[in-house]
Amino acid sequence: MIDKRFADPSAAVRDIGDGATLMVGGFGEAGSPVELIDALIEQGAGDLTVITNNAGSGTTGLAALIKAGRVAKMICSYPRSADSEVFAEQYRAGRIRLELVPQGTLAERIRTAGAGIPAFYTPTAVGTSLAQGKPHRRFDDRECVLEHALGADVALIKAAAADRHGNLVYSKTARNFAPLMATAAETTIAQTSVVVGLGSLDPEAVVTPGIFVDRVVLIGRSPQRLDPSGSETGWL
Amino acid sequence: MTTRTPQGLDRREIARWVARDIPDGAYVNLGIGMPETIAECIAEDKEVILHTENGLLGMGPPPPPGEEDTELINAGKQPVTAAPGASFFHHADSFAMIRGGHLDICVLGALEVAANGDLANWSTGAAHAVPAVGGAMDLVSGVKAVYVMTRHCTRAGEPKLVNECRYPLTGRGVVDRVYTDLAVIEITPQGLAVLELAPGVTLADVAERTAAPLHDKRSTRRESHPDGNSAPSERSGIP
Amino acid sequence: MIDKRFADPSAAVRDIGDGATLMVGGFGEAGSPVELIDALIEQGAGDLTVITNNAGSGTTGLAALIKAGRVAKMICSYPRSADSEVFAEQYRAGRIRLELVPQGTLAERIRTAGAGIPAFYTPTAVGTSLAQGKPHRRFDDRECVLEHALGADVALIKAAAADRHGNLVYSKTARNFAPLMATAAETTIAQTSVVVGLGSLDPEAVVTPGIFVDRVVLIGRSPQRLDPSGSETGWL
Amino acid sequence: MTTRTPQGLDRREIARWVARDIPDGAYVNLGIGMPETIAECIAEDKEVILHTENGLLGMGPPPPPGEEDTELINAGKQPVTAAPGASFFHHADSFAMIRGGHLDICVLGALEVAANGDLANWSTGAAHAVPAVGGAMDLVSGVKAVYVMTRHCTRAGEPKLVNECRYPLTGRGVVDRVYTDLAVIEITPQGLAVLELAPGVTLADVAERTAAPLHDKRSTRRESHPDGNSAPSERSGIP
């Protein structure tokens, strides 16, 4: 019997250790797994490396994790926010390191980590400071740079719906990096506000097959949200 | 040399200029900031498909107030809608469209554009600034035609069109065309070439505000107007 | 106005020239674009390079194209079939060349061609004859081989439904290589038995966004299959 | 040395042996041919998710006669069904699962297995044979545990377990365990090690039919039976 549901966010993030490398889904606030991050702040793990697109907005979620001093390094494409100075302050103070990666290269590095491809060549960033010091090679007269796969210990993502196998669907542009991160982390933890019975998700429309997901956490909904047509016996 | 200050176009008029040159059926990515204005300037009789790199093809206009969805945003993190025929996808698929050369046009802002097409638009290189690149390097390396939409000069009056960029580059030799408040300028193997001037603007006005040699490639000497659909035919396709 | 619909298979394949490199979707018969291939046989183009997983079964479709002597070279993973000797006969007679590629490497080579990635490293096939002569490199103590992107002039694929923008969905395991091939060919031609009105496909469930598709051909159905709720004005 | 021919297990009994060792909750790919039999031997109280590389996770049993769907097949191109919780995906995603190490076990057939774990199962190298590799090289390089299910000897009576493969390799040092009609054999740093014998089969029987040295790693000297759920605990997890 496969049942990946966890009782609450705290239980799902309990074993994340100091020094872990963490992927965090979301583009801005769309798809940000806020409740999982809040649980991680409470849990206390520090010295984290965080792979994500932005560096937090406002004062909750990732911004709060950074403000709490838990993040030693960020790997991201756009750590600038109109509504948050948290990352900028720590970065200027030298308390947080930054590896800046072009957004498409970041996405592909994560995807290849999940796909067992250790490195790939891309034309992106050739001739810029972000390609300096990396191996280059020409293909069909086009100069390219070698980029390496980027995996993580844990991925925290947000889905629109899940089943007990960990199959996931997403909501609109909240999908963004989540399906990639799910494949690239040793342990993938998905929060969702809807858990449906096995067989309720259309097999043609599942975006993340359950094989990539280890833990499913239902957020802020009561057990009656479970699809009655499914085979579920109720929420854990 | 004249010392008068030409009026030039406002932001919306530049956007209309760009919109006029986007052909029916094109797949287009509009960068954050000024280029976002272009969407609302595309003529009703054209079907142009807008791509936003955070995972949506077929981006529609902003929703009416009160109907914003925090999970339906564009790359600038502004609320948008999905047009009929839209599709959602993850970031690797989105950048496969970009890097793989499937988009016809992207329109980006700029700090500087060099006469050889080098673009600087992501960092001033200032010591304490937080660097942030987003998808700009992917867009310039992958999209078939890279257009820049920008004021011709900085607020301090410094030319943005230069012989060589001083700021960190986004890409080398990547820009195809620049739309400013003063002119439409093409990047050619010979350098910058003026295709068109804004109403009331002279070639001398532009040359004076450009820190690189300018060629004159206007197909007619008449000044054209951004409202017209009178783009010379050799410019109506995608380069 | 974007309308990628073509009147019939013949019109859609008319401009495929001698010597073209062709991708053909399908795994066995599932997803095989039989009507497009039939039209291509009739059209007459020869000296083709065909990229596909198998090498045809039975006597129709790809097997018929091979039998007609139109294929100079196959790039595939499994050109053996219990129910067809067509490829085997031509191969043994030296009338057709074969580049054998492991199935996952074939899929990734096609995907990377569509994604603008010219080459990637993979552990697959290292230490076997299929990796001989290719550049090798170690990553984290794992020997890998460099594989190159594989694009084509034309892709012929089969979808379950399409709209006039070329958005596609597929049926079950008939999906296989089609979404990858759609991204990797200069011209992608999709046959389908259902064309729906724009907006009828769920944006969350579109598998191939229309940007990757150039031509849509409705097969064997009458115009009334067009979704009346859509904005279509009828079949071309 | 004895000259008697041990009976050994039939195909279905070997399949039951493999099925017994697949843990509840495992993600498994079953190769074409003999390994396909394993699916129907998995105990009812286990939930094992079957992957077929042509784009289905959650493969169910064959459909009843008359309900076959030509667009719902497995890697052997036989009609199958989709179990509750199944998902369909394209080939790049399917092989991301394989190459990326997300599958727990694959079970493949073999022409030869060497004492160092080398596997040959895709080509006899014969001049006029049509070579066909399919997904075998991807599976052996990516799946966490690679099991082989095979007759111990060829039809001509030649050992398939050898010191060195003569046929073209599918992968080097990739096999973890071999299930034959005579024994369960593990590939160890010291070479082949017998974990278990089929009923009525002796270590000598196996050694006689194996062209490489054999170690004895049976945890109990009692012969075990493939029907039992009595696998020693150190073997019940995924290596």
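Order as written gives the chain letters A, B, C and D; numbering starts at 1 within each chain.
To be clear about the criterion, a contact is a pair of C-beta atoms (placed from the backbone, for glycine too) under 8 Å apart; a residue touches a chain by one contact, two chains touch by 3 or more.
Small disclaimer: the values here were computed from a predicted structure and weren't measured.
Trainee: Between chain pairs C-D and B-C, which one is joined by a greater number of C-beta pairs in contact?
Mentor: If we tally the C-beta pairs in contact for C-D and B-C, the bigger total goes to C-D.
Trainee: Could you grab the centroid distance between subunit A and subunit C? Build each centroid from C-alpha atoms only and quote it in angstrom.
Mentor: Result: the chain centres lie 32 Å from each other.
Trainee: Taking the mean of the CA coordinates per chain, how far is subunit B from subunit D in Å?
Mentor: Chain centres of subunit B and subunit D, defined by C-alpha means, are spaced 57 Å apart.
Trainee: Find the geometric centre of each of subunit B and subunit C from their Cα atoms only, then give the gap between the two centres in Å, rounded to an integer.
Mentor: 35
Trainee: In subunit B, which residues are in touch with two or more of the other chains?
Mentor: 82, 88-89, 92, 95, 98-99, 141-142
Trainee: Note the residues in subunit C that touch 2 or more other chains, in rising order.
Mentor: In subunit C, 108, 111, 115-117, 122-123, 170-172, 203-204, 207 touch at least two other chains.
Trainee: What topology does the chain touch graph have (line, ring, star, complete, other)?
Mentor: Graph shape here is other: it fits none of the named patterns.
Trainee: How do the chains pair up in terms of touching? List each pair.
Mentor: Chains touch in the following pairs: A-B, A-C, A-D, B-C, C-D.
Trainee: Going by the contact rule at the top, pick out the subunit D residues touching subunit C in the complex.
Mentor: Spelled out, the residues of subunit D in touch with subunit C are 52-56, 69-74, 77, 82, 88-92, 94-95, 98-99, 128, 130-138, 141-142, 168-172.
Trainee: Which residues of subunit A touch subunit C in the complex?
Mentor: Touching subunit C: residues 108, 112, 115-123, 137, 139-140, 142, 144, 148, 169-172, 202-205, 207 of subunit A.
Trainee: Once bound in the complex, which stretches of subunit A touch subunit B?
Mentor: 27-31, 53, 77-80, 87-88, 91-92, 98, 100-108, 110-111, 122-130, 170-180, 207
Trainee: Which residues of subunit A touch subunit D once you look at their complex with the stated criterion?
Mentor: Subunit A reaches subunit D through residues 1-2, 111, 113-117, 163-165, 167, 183, 198-199, 201, 203-204, 206, 209-212, 231.
Trainee: Residue numbers of subunit B touching subunit C in their complex, please.
Mentor: Going by the criterion above, the answer is residues 24-25, 27, 47, 49, 51, 57-58, 82, 84-89, 92-93, 95-103, 141-142.
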